[in-house]
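Labels run A, B and C following the written order; every chain starts at residue 1.
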């Protein structure tokens, strides 16, 4: 198990600006964590720090595992815009399995299983780059599913999709959650946060202002910034 | 990575094909551009190859470069026409022995209009003096070739210092081979010293004709040498020697004499 | 300019008659240049991609150097390679001077920086799109670089064609290391130089046109392959 993840006075600055002032928190298994905040609050940066795409300029990130390779392999990330290789959908998933050192004999079978899981089996051999936005995002999730990661990071996964594609993606995320994968997701879509999240991490100007179970967050946020944020996003509430 | 391994294999195959092709019997002879452009080799070499099965590969460059190739051991035989330079080559231990092979002659080419009034004279030195006095345009190869060397000797004989006190816009030092220099002379309507062979094959004559010929001082002696295997062990000494021997043999000498352009003999064999 | 129409007619005549000697010269030109492109591409693509993706001290200086070497003068490359391959030189024992192998070697050296520099630029542009996703999946360094090279292979075709163009057009390098030996190391460009120096300008021009047509055909073929593949793979 690589969880829990401990952030110890984690800080990040770039271009002379402090983007994340020292932040400490622990992320444990189980509850689906949704990160909320205004644009520029630092959600994407925080996730990239946790996933290891950015190196902190201060503080430490510690997983409950010392083996670097295991730490990497037990995580996957899905970005707002999926990036696919110029190969078939199936080949893209096989590529991810190859990088994860899955035994060669198993790769195609596992890839086909993942595609089936997300409903993309019929187009397994189509070039990934000609698929629609929603299909490519499903493919990105299939790619992550094949790896059976312990933690799945999602950075605004449905921001570029229409409502029906969004619903499909949410169903897959729910399936991940049900299978025991830890979800850490940044989103702007508050309805989505309610549907998929168990707890909310609310960021304001890089600081963790509030950490609350999702229902209580929307009914009675404990911080003024969160209240203002919710009112701003949902003025009728 | 399957792709890289396959590509490396293909590369090795190609390289070995090149190497295999290199196994055929051949010698490398460094000679001059004027000799090759006269067409002599195309006529002469097949006879040698037919007799011995040895392919002769001629690298044709300027005399200076031809001797340098021999000096480095990159050729087996050197076949040029600049006796002083050849004797220096021998003295430095780069060659085994020098043999006279043949001579051809230089001709003074000039514009039909003949501004220096030298056409028809048999005295090359007098003609050069007239050209300088008339300041008529003259193109020099300036490339340390055998022809260039011969030209400089003639200016010396005429007591004209083209690099020093007699320098002027009339004397154009172009630093090129015989063909390109003739092209320049045709373009400038200038006088130029050329070997007869290149002139006979030259197609871009414009208004140029032969102005002076026949002076003994215009004769151009060719020599052949085997590159010294003691200094360069990889020299193909048996095959190289057989070529040298054939060229100076009665058979080779006859082949040289038989080479004609438009019925005119170009080279006069004089091996002893 | 009557010599141009004369040359065009001459070029068509050459192609129509297609004698064995011309065929040999064309075949050698293609073999040498295509071999050089093959070798150079094999080395240049990983090199360019590695420089695009890696971060190390002196990286910017290396990029400037690669870009500058795109303009290496062929005659200088010819001279340097000649000195290397000469019996008196360090690689003399290879014994490949004055053979087609030496010509391939020289042209490979000449076009390697060109293909590497263009590849680096293309991969660096693509890296901006792919970096996060590839690193997230665990592809690092050389692995990521080579994945990118394969993914943008159709764009890289242009870099390879630039190398082919440069190789088939140059004369300075091949004439020095090949020696322009009749029937052995004589290619189209050196033949054109030779015929020009002999004063046979119409023939030289005709050969030049044949050479240009050849390169045109190769480029057209490459373009069609690229288009078809792009339609298939997106």
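To be clear about the criterion, contacts are C-beta pairs under 8 Å (C-beta built on N, C-alpha and C of every residue); 3 or more make two chains touch, one makes a residue touch a chain.
Here the structure is a predicted model, which means the values were calculated and not measured.
Asks: Would you mind checking which chain's C-alpha centre is most distant from the centre of chain B?
Replies: The chain lying farthest from chain B is A.
Asks: Would you say B-C or A-C is joined by more C-beta pairs in contact?
Replies: Result: the pair with more contacts is B-C.
Asks: When the mean CA coordinate of each chain is compared with the mean CA coordinate of the whole protein, which chain is closest?
Replies: Closest to the centre of all protein C-alpha atoms: chain C.
Asks: Any idea how many Å lie between the Cα centroids of chain A and chain B?
Replies: 78
Asks: What is the distance in Å between the mean C-alpha positions of chain A and chain C?
Replies: Here the centre of chain C sits 46 Å away from the centre of chain A.
Asks: How many angstrom lie between the CA centroids of chain B and chain C, rounded to a whole number?
Replies: Computed from C-alpha means, the inter-chain centre distance equals 32 Å.
Asks: Give every residue of chain B touching chain C within the complex, in rising order.
Replies: 1, 7, 10-11, 14-15, 18-19, 21-22, 28, 33, 36-37, 41-42, 57-61, 71-74, 177-180, 182-183, 186, 198, 201-205, 232, 234
Asks: Give the list of chain A residues in touch with chain C in this complex.
Replies: By the definition above, chain A touches chain C via 48, 51, 53, 72-73, 76-77, 79, 82-83, 85-87, 95-96, 99-100, 127-130, 143.
Asks: Which chain C residues qualify as touching chain B in the complex?
Replies: 35, 38-39, 42, 86-89, 92, 95-101, 104, 146, 179-182, 184, 194, 196-201
Asks: If you look only at chain C, which of its residues touch chain A in the complex?
Replies: Residue positions touching the partner: 129-130, 132-139, 143, 147, 151-152, 232-234.
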